[in-house]
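Common to both upcoming complexes is subunit A, partnered first by subunit B, then by subunit C.
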Partner chain A sequence: MMQRIKPFDHLILIIGALFLIAPVVMAFMSSTHSAIDIHSNGLYFTPGSDAVGTYGKVLTHRGGFTGDVTGMRMLMNSMIMGLGFAVGKIVLSMMAAYALVYFRFRFATLLFWMIFTTLLLPLEVRIMPSYQVMSTLGLLNSYTGLIVPLLASATGTFFFRQFFRSIPDEMLEAARIDGAGPYKFFIDILVPLSRTMMAAIFIIMFIYGWNQYLWPLLMTTDESFYTLMRGIKSILQVWIGSQIPDYNEAFALAVLAMIPPVAVVVIFQRMFIKGLTESDK
Partner chain B sequence: MAHLSLRNVGKTYAGGNQPAVCGINIEIADGEFIVLVGPSGCGKSTLLRMVAGLETTTDGEIRIGERVVNTLDPAERDIAMVFQNYALYPHMTVRDNMAYGLKNRGASKATITERVNEASRMLELGPYLDRKPRALSGGQRQRVAMGRAIVRQPAAFLFDEPLSNLDAKLRVSMRMEIRKLQKRLGTTSLYVTHDQLEAMTLADRLVVLNQGKIEQIGAPLEIYRKPASTFVASFIGAPAMSLLDAFIENGAITLEGHVLAQIGNMAGPVTLGLRAEDLRIAKEGLPMMVEHVEELGAQRIVHGTIGAQTLAVIDTGEAAVQGAVRVAIDPDRLHLFDTTTGQRIESKRQTARELAL
Partner chain C sequence: MTDSPLRTTLPNGALLSRLRAWYSADTPNPAKRVQFDRPLTPWLFLLPQLAVVVIFFYWPSVQAVTSSFYIEDPFGFGSTFVGTENYTDALTSSQYASTAMFTAFFCVMVTGLSLGIGLLLAVKADKVIRGAATYKTLLISVYAIAPPVAGLIGMMFFDMHIGPLTDLAAFFGHDLRVGINYWDTAFALITISVWKQIPYNFIFFLSGLQSVPVSVREAALIDAQSGWRRFCDVTLPLLAPTAFFLLVINITYAMFDTFPIIDVVVKDKPANNPITLVYKVYLDGFKGNDIGGSSAQSVILMVVVAALTVLQFRFLERRVHYG
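Up next, the complex of A and B:
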């Protein structure tokens, strides 16, 4: 059925869309001007002429104290963080949820609630002890140290647990009669059935990892582990004497930092929606 | 293909204070179709799932073929099960659903293809082999579930109310299909249902369960004609057998003061069972007040009272029935039950003439 188009509703939607999109456009447009122009004239909504130069410089210029972190390097580090978090958390929380739902062992419920209560303790609360442990293990300045300590995910475990519990028991029973052991049942049945869940959690966790700031700041002193978030921050920190911060570069990095999460959302959302409409019984 | 035997089998759920099923003894011959029937909660599913190995057996011994399977995994028992909600794997095609069990057992590609094709031919699933279960109707899903059982060529089929999610018409045709298929394959089958009509039409032998115990085992007609207890009598047959309080005195059985037949049983109170189809509305007989009439088309069921007791009579006449009518009884078709235990008492009839009052 065709719905009558109401101009007023559209107006509200258009205003909303503009409101959300304006800062992004502004950041992009400003990044195509020179730092001096931005400093003297403020932000731009029109394209400038420096785009190629700025983006090229941001990606390849060797910066930092040691002079060997490029934008590409930071992009790669952020990518490793994002992917490491998303994949690691999915794998770990699925296995935890599998154990909690399908295996009968003592204190399973207690364990679950213990995992669940860690949701109440954000990273900041336990950041010092975590740092200490990593430092003792000699894992400072390593990807392992950056990623592994934050992998245990109460959110992921909780969502997968609820999902597994919604799968009818007969599915497990049919699989048992069909000769599927615990390992096969997990790989052949549960993993494919969880695709939708996995896509949703991947989106959340990728962005969570991508946006990490405090933890990498603490864990790494070696500049080759710089992430984009730290890069943006450090560009703006050079306000010494009469030097103007490279606003254009900061904007360019911010725009670049936006692309991968947007791409992840777009790609996985499609999977997510497909999974939602497909899943049945 | 194998015989199945349950010897003194029982199960008490952890935390349950009384057994869900107990003292079950059934010997099932090779190729026999056994239907477990009983009201909700009587332990049918529990018993079936014990045979499947999905529930532990706390008492007794279950044998499939010559093997005692009490402690074996479901996969090692050589059985296949069809569930009420089908339990198909939603992410696999029909073909993969059927092949999965064989794959796990390491069957060769050629064997799998051959068996799946054969099963899909038997069940007319050919056009749907590459579809996912969600793109099938309920009846087709049920057939896929059957196919999944067939391809394995197991020693026994176990069915847990496989037809209850289908509409009435489809249920009737699937019922016949299952029966034909089972005959053709000759696989020993154990089938659970709470629908007594389904039970009667499918079974070689019926097992009537009540509160975890066997009330009666026998061929459908034998159970219908000679129910072993009031429970079986009221459970098997539709409309349910009317059970009335009667007396035996002076060598005759009397109901609400009317003598029905000469009988040699011990004097005293007795429960009298009368099937609606053994009664008919006639010129002479017991006086009954008609309460309401159920029209079924080919016949109608007349519900009424004799004294304070209710009775159902099947009538095939054309004329309207209402008010006071008379009901004729065939004295050879009386069922007698003990008033306290509910067990059947064989009637000792002396005369065989139809009694008019």
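Up next, the complex of A and C:
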């Protein structure tokens, strides 16, 4: 490329990167200072000396801000939510996409439409009735209730369907000549072929599950099921009326909540971009 | 993406023939030339997904429509059928109208700004060679931050006591009072939402730009001397399909995914603060116990989203032909 690069281009990129990253850096730096320091001096751009104490308290102290639950517990719940959602999504959608692509059967078109209509409506617009259904089924305050209803959207199925369709027909023909049945073909050929796709989808879905806010907010009143996102809501509710809010603990909680997904994106950047741009969300 | 899931494969004609098409095993254009021909096995594979979809999608969706025609007794003593009263109440209330107005304004601002900034950064990142990977990593990493976390950090920046942005505004002589002043809160909500969405747009624009063949770029370099001309005549048309796709995604983001940001900043107390339509559905349903009214608003939103999604698939389909 024989394009001239002006310093101006770098300037814009630097300003853009600063605009995006500075708040994150300041959140982290401020979390290492005491609440009183933040209260009197504002946010920090330099590290402080209270990191161990603050993070220790947020992770292990019972009832620090939510009554009975520790940060460790919330971290674990968020992990269960992220992993459970990603695994569930991959299993359900691979199986469904397999049936839709590789089988000739009655009602196939109807089922196809039934599944893909779910792409039309996000959870937020049917939040109230969804809550009522969950309470009828007795699924409030359970991991099943936290994870399974979110699997209802067909994004993953759509993605795997596209992928399976791009696999050459000869694959199935060859497998059938070798005497492979539908189960054997799925487990021994399709699953290994989909490994990269599965990894890409896993990253996207893990972040999606980890970052859920509204659903855990409604589904959990029992604090032992609180996720980090739910904890953020609680820490803000405690603030109302307090003299010096626990700024440092709020920042520490925010940092804990963003480390895993940000780390995943940075480490698996290439795969993440592939998953995102090829699955179209 | 090779084609859209909503491309109709049904033959045109009477309802009867459509029903027959749904019933029959002969899809007009089957996904594969060769397929397994077993009546039962596919059902086994589909069962988990179908169960989840029926229980957690269709059941609540039907319930939303049903309860939008009833007024529920707040103390749980049954409900009364009221026809379309919930709808007319919602659509004629001045509060609903002002919320809808703000939602529209919010969508335009968030979509416009985050698309614009995302595009600008992508074009620049595509151009530079030195440090490109670093810029990319820095710009992308914010994508993974959850909206409520973004809301929390943003709130601290706009805090009336410790917020650096409040100090900045004070320096320019403006007394920024987020959470109290309507437009100050709106400004904070838009800033935080844009901040959170830029990386998403950046990723898509950048991968769109990088899929432009080198030959096209070099031809453009020879043809158009000015960078701006080149951008308008070559880059922008090539990016149009990506931009259309992102437009719909961004509108959906502004309408729904910003819920946590609003919840964290406004904190259940709309008082004199701006909120979006989906937040009103939540407030009326869960805080106001107006299940009928909340459901009617849900159904109205469902129609809007469904229209948006159909639009999105239309564009997706066209994207293929561009690509």
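Keep in mind that, in the parts below, the second predicted complex is superposed on the first by the 232 of 281 C-alpha atoms of A that agree within 3 Å, B and C clash if a C-alpha of one lies under 4 Å from a C-alpha of the other, contacts with A are read in each partner's own complex, and residues count from 1 in each chain.
What we mean here is this: a contact is a pair of C-beta atoms (placed from the backbone, for glycine too) under 8 Å apart; a residue touches a chain by one contact, two chains touch by 3 or more.
All values derive from a computational prediction rather than experimental measurement.
Using the contact criterion defined above for the overlaid structures, shared-chain residue A:Asp188 touches subunit B, although it does not reach subunit C. In the overlay built on the shared chain, the residue A:Met258 is in contact with subunit C alone; subunit B does not reach it. When the two complexes are overlaid on their common chain A, residue A:Thr118 makes contact with subunit C while staying clear of subunit B. Contacts of A:Leu13 after superposition: subunit C is touched, whereas subunit B is not reached. Put subunit B and subunit C next to each other and count what each touches on subunit A; the higher total goes to C.
In the superposition on chain A, contact is made by A:Ile177 with subunit B only, not with subunit C. Of the two partner chains placed by superposition, only subunit C is touched by A:Tyr213; subunit B is not. Shared contact residues of subunit A, touching subunit B in one structure and subunit C in the other: 173, 176, 278, 280-281. By the touch criterion given at the top, residues 1-2, 5-6, 9-10, 21-27, 30-39, 41-43, 45-46, 48-50, 52-53, 55-61, 63-64, 67, 117, 120-121, 124-125, 127-131, 135-149, 152-157, 161-164, 167, 195, 198-199, 203-204, 207, 214, 217-218, 221, 245, 249, 252, 256, 259-260, 263-264, 267, 278, 281-282, 285-286, 291, 294-295, 298, 301-302, 305-306, 309-310, 316 of subunit C touch subunit A in their complex.
Partner subunit B is touched in their complex by these residues of subunit A: 168, 170-171, 173-180, 184, 188-189, 192-193, 278-281. Across the complex, subunit A is touched by residues 52-54, 73-75, 79-81, 83-85, 87-91, 100-101, 104-105, 133-134, 148 of subunit B. Chain contact summary for the complex, subunit A toward subunit C: residues 1-3, 5, 9-10, 12-13, 16-17, 19-21, 23-24, 26-27, 30, 38-39, 42-43, 91-93, 95-96, 98-112, 114-122, 124-133, 137, 148-149, 151-154, 157-158, 161-162, 164-166, 169, 172-173, 176, 182-183, 186, 207, 210-211, 213-214, 217-218, 229, 232-233, 236-237, 240, 247, 250-251, 253-254, 257-258, 261-262, 264-266, 269, 272-273, 276-278, 280-281.
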